[in-house]
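Each chain carries a letter (A, B and C) given by its place in the written order, and its residues are counted from 1.
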Amino acid sequence: MHELTPGKQTQGRVGRVIQVLRASVFLTSKLFFADPQWLIPNIIAPFIFTLVAFFLFSGQTSGSSFLLYLVLGSGLMGMWGTTIYASANSIGFDRWNGTMESTLAAPIPLSWIALGRVLFNTLQGVLNAVFILVIGLVWFRVGFTLVNPPAFFFASIMTFLSLSAFGLLMTTILLLSRKGGFITNSMEIPVYIATGTMFPVILLPVVYLPFAFMLAPTWGIEAIRLAALPGYVGLPTTYTVDMTIMVAETFAYLALAFFLFKRVEAYAKKMGTLEEY
Amino acid sequence: MKSTDGKSGLLSADSRLQMAWRVFRGAFFFGRKGLIIWDSWDMWVMQIFITPIAQIGFFAFLSVYLKYPSSVTQFIVIGNALQSMSFSAVFAVANITSQDKWQGTLPSTLVTPANRMALFIGRAWFQVLLSALIAAAGLLYAGTVFGVSFAQADFAGVALVVILTSVAMISFGLLISAVGLYMRTALIVANIFLFVTLLLSGVNFPVSELPVWLQPVAWVIPLTYGTEAVRMAISGASLQALLPVLGWEALDGLVVLIVGFSLFSAFESLSRKTGRFEEY
Amino acid sequence: MQKPLGPAISVKGLTREYVTRNFFGGVARTTSALSGIDFEVANGELFGLIGPNGAGKTTTIKILTTLLTPTGGDARILGLDVRKDLYEIRRRIGIVFGGERGLYNRVSAVDNLRYFSDLYGVDSSVARKRIPELLEVVGLSDRAQEKVEKYSRGMKQRLHIAKALVHDPELIFLDEPTIGLDPGGARDIRNMVRDLKAQGKTILLTTHYMFEAEELCQRIAVISKGKIVALDTPSELKNMVRDISVIELRTFEATMDYVEALRKLPNVVRVVADLDSEQQTIRVQTPLGADLLPKVTAALPAGARIIDRTIKEPTLEDAYLRLVEE
């Protein structure tokens, strides 16, 4: 056998985490571009929901700020779509692909790999949201002037991260549950409703509100709309309050997700596999 | 040995029919069994209890938010109640071919000389029942949760519309299956179609509000006739008044079935040429 | 890298039970996959683990590669505890899973190797050099950019080996690496295993094929029903069946009835038959050797023929069969 370059490990914990995240994002994107058809189910529902809403809105109101309200909400729906279907399944893919053992055998926590996958998938959701925005601008001539652009972009990025954290949490739930299809399909429209994508959550029956308030993107879209729309009246909160609650909930998702990942790995080791579905 | 007739080796029209019936009967039972295995209880719960109510709620709240009069909201609620059957009607039938691909049984299904029409209709029957059940559940929610009045409704008419729409939508599902056989997966096509009906089939607003060039497309989809007919039946139209709409729906369903079937045969021979059965 | 002083693998009293729970979470059934095994593998040794399906081979490998926690006993890899030092062990071992599992088929060989080298924390500058070298070694250089789904079974298996070596492990686990390969593909893999051994790597190999174990391994443990029933060099294992010799028959149109008749003959220890092909191979183990031949011929039913017969020395397979059947 030829002389091989001797192996050398990357030094430092931060360097290791970055290396794994990069590898995971890289592989996920490669796999995605090898088979991009799976984007379609993720974007088609939010897209058509938006078109229906455009038709309904156009009969009732005029004024670009109302349409922008709608476009921002449907962008959030698009991000939800990828979070629920793609991110939630980020490690489930390995179970299906037969690479679960190889993934579990790597000398790093499973959550690092999942985080890379989820970040890429949520990024798809951002593209999806941008796509919907462009349709709104071009086809429905939505005006895109923002009240406070920096606040708008900050809120958007934080909402993106909160959805990633939610996706990570979903990954663990789907790894522990055998009813993945049921959970994701059942969640789709309820989360569109609960986060106020198309109409304010305050319209909802009171019993629904705790669920709505537990979802970080509910606060995210509030903050985004406050920063984008002139004279927007939503929940009786301010931009800062919305952002604070969202960040707090995002950290709660992350903490719960990492805790559950530990459980998943312990379970896998105890049973010897996560292959069985 | 003495030859008894000149057609030995060929099937007479009569025995061809018998053969088709046997295939239908086989697929009929397969349809039930396959569904029970694949569609386990959770998918049922989702399709009957969760998705319809969430979807109706989504558009009903949107209408309330836009301060539309309650007649518009009721229009939307009824439309979505009937549309909620599409998931079962279109998706699961489209799944028949995908499921075969997944399990690797597609080639073994296709190498059989079974009559395709009998095979697929035989497998689809169960979906008709399920679809009708889901639409009935949707209408129940419309009446109980979303305040649609059934005081004037002609229940026989409503039932007729629901069942006919289920059958016609299954035909549409067969057409999607045909496309799915040739494309890498039917699920994507089914998904798109599923949501396109929300836009085109008079579910949330009348077809007349669509751009003119889109309106003919809307009338290709059987559901478009269904939403119109079910609203008529709920507001008290007699069976006689319903007949023209239902007649068009039945005709449309039949045409869709024939087109779907021709496409199926065409794609099947194309698949044979390109050897795509096993891709996914 | 500095070699550890002790053995590469050390296993003491290792047990593993699987608990099947019923609907209410109560224990429905406890099955014992390993009931107390002991063995050691020295540094640089090529060690074989053989046994029938369900004997505990995979369970043992899973425990040693930290994928499964043992129920009892102790297992140390390179001096590290499989229960506690997971990540340190994983960084220093390579695993080749047999069969089709374990690769991303929709991306290229290079993408697979780069991904796993990152997961194993291989320094990027090293990986850039090492990945092409490994592809060269496993003979995949010219197709390195192709999607893995286009590879043959043998090519995939070679990629598996490259994947297991990407982080330069000291100890390599090969779980049935030649299963399902054609003879040429299997030979390639065996040559690679020999090369790895020559480089001083410690290797634990499981296999279904006795000749493969005999050819490659320095020592072999035979595992049966969760216990190690023998552990020795291939030649010593064969010595256990020195008392017998084997009459190998090639026959035409022999049936199970004939095999049963042979089994009933006095002084026949064991009869192993392969009746599935056009010509059947029947191996009769007996202490009598050639003296048994007349009776073997006499038992032949009408219509069947013996094409060829030879008296052979017992092989590892004969020893193995005796061990796992007793």
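We adopt the following convention: a contact is a pair of C-beta atoms (placed from the backbone, for glycine too) under 8 Å apart; a residue touches a chain by one contact, two chains touch by 3 or more.
Just so we're clear, the structure is a prediction, and the values are computed from it rather than from any experiment.
Where contacts are defined as at the top, ignoring subunit A yields the following touching groups: B | C. Measuring from the average of all protein CA coordinates, the nearest chain centre is that of A. Using CA-based centroids throughout, the chain positioned farthest away from subunit B is C.
Averaging Cα coordinates per chain places subunit A and subunit B 32 Å apart. A separation of 52 Å divides the Cα centre of subunit B from that of subunit C.
Between subunit A and subunit C, the centres computed from C-alpha atoms are 44 Å apart. Within the complex formed with subunit A, the subunit B residues making contact are 42-43, 45-46, 50-51, 54-55, 57-59, 61-68, 184-185, 187-188, 191-192, 195-196, 198-199, 204-205, 209.
Put simply, subunit A touches subunit B in their complex at residues 37, 40-41, 44-45, 47-49, 51-53, 55-57, 59-61, 179, 181-182, 185-186, 188-190, 192-193, 198-200, 203-204.
Across the complex, subunit C is touched by residues 1-2, 4-11, 16, 19-20, 22-24, 26-27, 30-31, 34-35, 97-99, 101-108, 113, 268-273 of subunit A. Within the complex formed with subunit A, the residues of subunit C that make contact are 1, 18, 59, 62, 65-69, 86-91, 95, 97, 100-107, 111, 114-116, 118-124, 126, 129-130, 133-134, 136-137, 147, 163, 165-169, 192, 195-196, 198-199.
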